[in-house]
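Two complexes are shown next, each including chain A; its partner changes from chain B in the first to chain C in the second.
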Partner chain A sequence: MTYFILEVEDLWKSFGGLTAVSGYQLKLPPDSVYGLIGPNGAGKTTIFNLISGIIKPTRGKIIFKGKDITFWRPDQVVALGLTRTFQNLRLFSSLTVEMNLKIASHLHARCNFWSSLFSFPSFFREEREIKKRVDYILEVFDLVPYREEVSSNLPYGLQRKLDIARALMTKPQLVLLDEPSAGMNTQEAEDLAELIRRIKEEFQLTLIIVEHRMSLVMGLAEVVQVIDYGSVIAMGSPEEVQNDPQVIEAYLGTGDVVA
Partner chain B sequence: MRKINKFPELWFLVGGLILLVGVFLADHLLNRYLVHILILMGIYSITTVSLNLTNGYTGLFSLGHAAFMAIGAYTSTLLAFPIALREAYELPLLPSFLGGPEYSWPFFPALVAGGLLASIAALLIGAPVLRLRGHYLSVASLGFMVIVTTFAKTLRGITRGSMGINAIPSYTNIYWTYLWLFISVYVVWRIVNSRFGRAMLAIREDETAAQALGIYPMKYKLLSFAVGAFFAGVAGGLYAHFTKAIRPFEFSFFLTFQIVTMLIIGGMGTTSGPIVGAASLIALRYALKPVEEGLQIYGLIELIYATLLIVIMLWKPEGIMGKRHSRMS
Partner chain C sequence: MFSLGYLLQQTMNGVVLGCIYALLALGMTVVYGILRLINFAHGALITLGAFFTYFILVRLGIPLVATIFLVLGFGGLMGLVLDIVAYRKLRGGPEVALLITSLGFYTFIENFMKMVVSPQPYAFKAPSYLTTIFRTSFLTFRTIDLFIIGASIAIMWCFHLFIKKTKMGIAMRAIAENLEVASIMGIEINRVISVAFVLGSALAAFTGFMWGAKYGQISYDMGFLTGVKAFVAVVVGGVGSVPGAMVGGVILGLAEILSTAFLPTYFSEYRDGIVFAILILVLLVRPSGIMGVKEEVRV
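After this line comes the complex of A and B, so read on.
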């Protein structure tokens, strides 16, 4: 039997009368990169919200690393090694780049309240470790010069990078990237694709990427799922999916180009 | 600046020693009136420093802080009240598990007990109220303040109702006050610079993102609420043993308004803001007192507090000590 790091079975979500996700399925092998595409409002972000525990499904089952996480809280899900980034960036905007990263080290900090209060040596040891990890992540993401910068003052492309960097501070195995290249120019998006390739190797990640920029998702993903009205209408390699008549149909008139 | 950042613990110790010398000199060189003002500044500073933890750093805009002060004030007063006077003032004797009828508590443990009881109240009330966000939380915490002051009015057998408790021994002096101010500043500073404080900042900035990064918001909201309440309770106890009389209405809307105003004017979420806010508004109150009395316009001070609050919110919403984030060029 093959092992899947993430299995989603028959996932449904309705908001009042609107069914945003209807019967979504996924079997995600470890170390893979999957792409999730589909027209605006197809339900991609909602699927991420469900998997990461931010909202609860109406029906269905989510299994991560063999554990049924369907009704877990987001912080419990992250603790098991699954994290995500946000489509509309949710940086801690009035805090510095360094602070954004430090906050995300929370899960791996063990120091208790009293040793923090009285600055026991264990507190300093742990803070030094956190700083080391921050330095390393800043290095990987080329953000060293911006360490002290307030995150909302960063150029947009760098904010996107910081969002991914911050997610990696939690030491995840599976990362859900929600439109990582949104708002970037072509050059930035190309650099980002390269960066994603690099961090995938470096941190041994499994990735699911939601993207509207086809060049990016087709270049990175091994398997692409196409979502429309909350369910998978096509799935396969980027080439297969691009030539699928149903997919072309779904994208017709939406302004998005499959290319 | 960077050098100071290297050994903040050491600087804190030095600061504490300087404070001790300062307090000693003030106690010996200044007249009673000025010392009185300094003590009041200290007590209000403890209140605003602790309020800053919830409202400033964790972003939970609570308006219930005066209730925690009331709990601390009544608790410490009842525990430390002299046995001989209890009968005269119709105050209950202590039950045996608190030391029995022949016993009244020393000042320090009575203050701590007041703080702890305020913390327990914070945990109980926080569990439901901290689920609310934004304005809902503010209004609900204000409701909590009304509940506590109502209890203080109606539980006559314990609190003497709206008559209040008089003849409280004046245990509070400048040393106690500034010792507690030092402790509260230290604790808040340590929290803010640890993972606990970082979690609180994260919750303030974006609760959903915080949770997606592994922080369980309720835990840290409760922590910040309970620690804030502890020091508010202590400040309430200091206040009671300073003014020597407490009545329920003192811990009501006007006190709430004052401490929130002090915090906003000083700068929420800054280290020195709460103290600067508290000290400057108290200074202003005493500077204006002769004017108020001379012109016979009572309420002038409240008017000026309110005007200042509006002016600051319009022109420098981050407060006196807050810094605006400059755009990167």
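After this line comes the complex of A and C, so read on.
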């Protein structure tokens, strides 16, 4: 049997009378990049919220690295190596770039009040390790000059980058990227695609990307799932999906298809 | 009549009262910053702390150092119970539900105390080493005044370090900014919130002890107005800001004492009113408080 890093079985979520996710399925092999596309309101972000533990499903099962994480708290899910970014940026906006990254390393820090108050050796060792990882991540993301900058003062494109950088501080194996290129211009989006390719290799990540920008998804994803009304209506390589008549109708509309 | 000595004396009295408000405001502002909850039950912890110390320090005669640790532990425990029993289940619900619950818990505890200790005020006879009077050419004060100022400065300094430097303190700031994202960054929300309640409540109980030892009288309803004034201190200083809470508390204490001291005696009955007048004035000039930052509307 092949190993899947993430398996989602028959996932349902309703909010009152509205069914946002109905029978979503996923078998995600490690080291892959999956794309998740679909019209607005199709339930893509809800699926991310369910997988990352922010909301709990009505029915279904989520298995990550062989563990059933369906009803785990977000912090427990992160601790197991699954994290995400947000569609609308949610940086800790009053904190510096460095602090944003440091908070995310919280998980792996073990020192308590007393050891930091009295500066035990373990505190310094831990601080050094966190600083090393911060330096490394800043380097990879070209954010070194902005280290001391308050994150809300950064230009938009850099805030997006910081959001991804922060997610990587938690040492994840699987990252869910929710519309990483939202609000970027074409050039910025191309740079972002390049960056995502680079970090995937550098950190050996498995990725799921929700994206509206077709060029980005089609360029990055090996497999694309098309979601409509909360379930998968088509799945396959970017080329296959683009030519699927059901997809064209649901998502791309009728008429000429422009990739 | 208004000599320099008099001014100094009243300023010291104001600072002592201000320290008490500041410590209360500290606990409130942290809880507000994280949960957007105006924790009325905070006031009840003052009453509980005051009566707890009354029974162990005055009646049982337990040594001061032990009393301090016991009252801190007692307050912390009460805070934890309050969080688990009253607030934890309501998280994620509307903020007003939390507010009403806290008001309900305040009322419950006040009435419970009324039943247990009777509606009569108690004389809090602090041990003599706390009430020794020192006279200098300018100032007259008692050991307890020094104790309050010293303890408050120490506590505020520790608290400042705690928020700035420790893992838990940083987690609190992260949650205050955005609870959901903080949890995605691996922070265990419920534990951090419990710690905030435990710390705040321990401080509140401790101020109950200070209040009793300083003013010599405690009663079942002492927590209400004190708690409300502490919240005024929070708002004056800037909601959610830890240094703001300290500054707000001291300003409020000074204003209350100095206004009574220097306005004609006719006004002294309005000392509580003056506190609220200050609140209105500060908010007219700086709507987000002295050290507050403008808060974004959370979506």
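Throughout what follows, the second predicted complex is superposed on the first by the 252 of 259 C-alpha atoms of A that agree within 3 Å, B and C clash if a C-alpha of one lies under 4 Å from a C-alpha of the other, contacts with A are read in each partner's own complex, and residues count from 1 in each chain.
By our rule, a residue touches a chain if its C-beta (ideal position, glycine included) is under 8 Å from a C-beta of that chain, and two chains touch if they have at least 3 such contacts.
What you see is a predicted model; the values in this text were computed from it and never measured.
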Query - Fit or clash - chain C, chain B, common chain A - result: clash
Report task. State whether A:Thr170 touches chain B only (first), chain C only (second), both chains, or neither. Result -> both
Query - Residues of chain A touched, compared between chain B and chain C (which is higher) - result: B
Report task. Considering only touches as defined above, state whether A:Glu149 meets chain B (first), chain C (second), both or neither. Result -> first
Requested in this report: Scan A:Ser94 for contacts with chain B and chain C and give back first, second, both or neither.
Outcome: both
Report task. With the two complexes superposed on chain A, say which partner A:Lys102 touches: chain B (first), chain C (second), both, or neither. Result -> both
Requested in this report: Go through chain A and flag every residue that touches chain B in one model and chain C in the other.
Outcome: 52, 54, 73-75, 78-79, 83-84, 86, 90, 92-95, 99, 102-104, 106-107, 109, 111, 113, 116-117, 166, 169-170
Report summary line: The residues of chain B that touch chain A in their complex are 9, 187, 190-191, 194-196, 198-199, 201-202, 205-206, 208-216, 223, 325-328
Query raised in the report: Can you list the chain A residues touching chain C in their complex?
Result: 52-54, 73-75, 78-79, 83-84, 86, 88, 90, 92-95, 99, 102-104, 106-107, 109, 111-113, 116-117, 166, 169-170
Query raised in the report: For the complex, which residues does chain C have touching chain A?
Result: 158, 161-162, 165-168, 170-171, 173-174, 177-178, 180-189, 293, 299
Report task. Show which residues of chain A lie in contact with chain B when the two form their complex. Result -> 52, 54, 73-75, 78-79, 83-84, 86, 90-95, 99, 102-107, 109, 111, 113, 116-119, 123, 149-150, 152-154, 166-167, 169-170
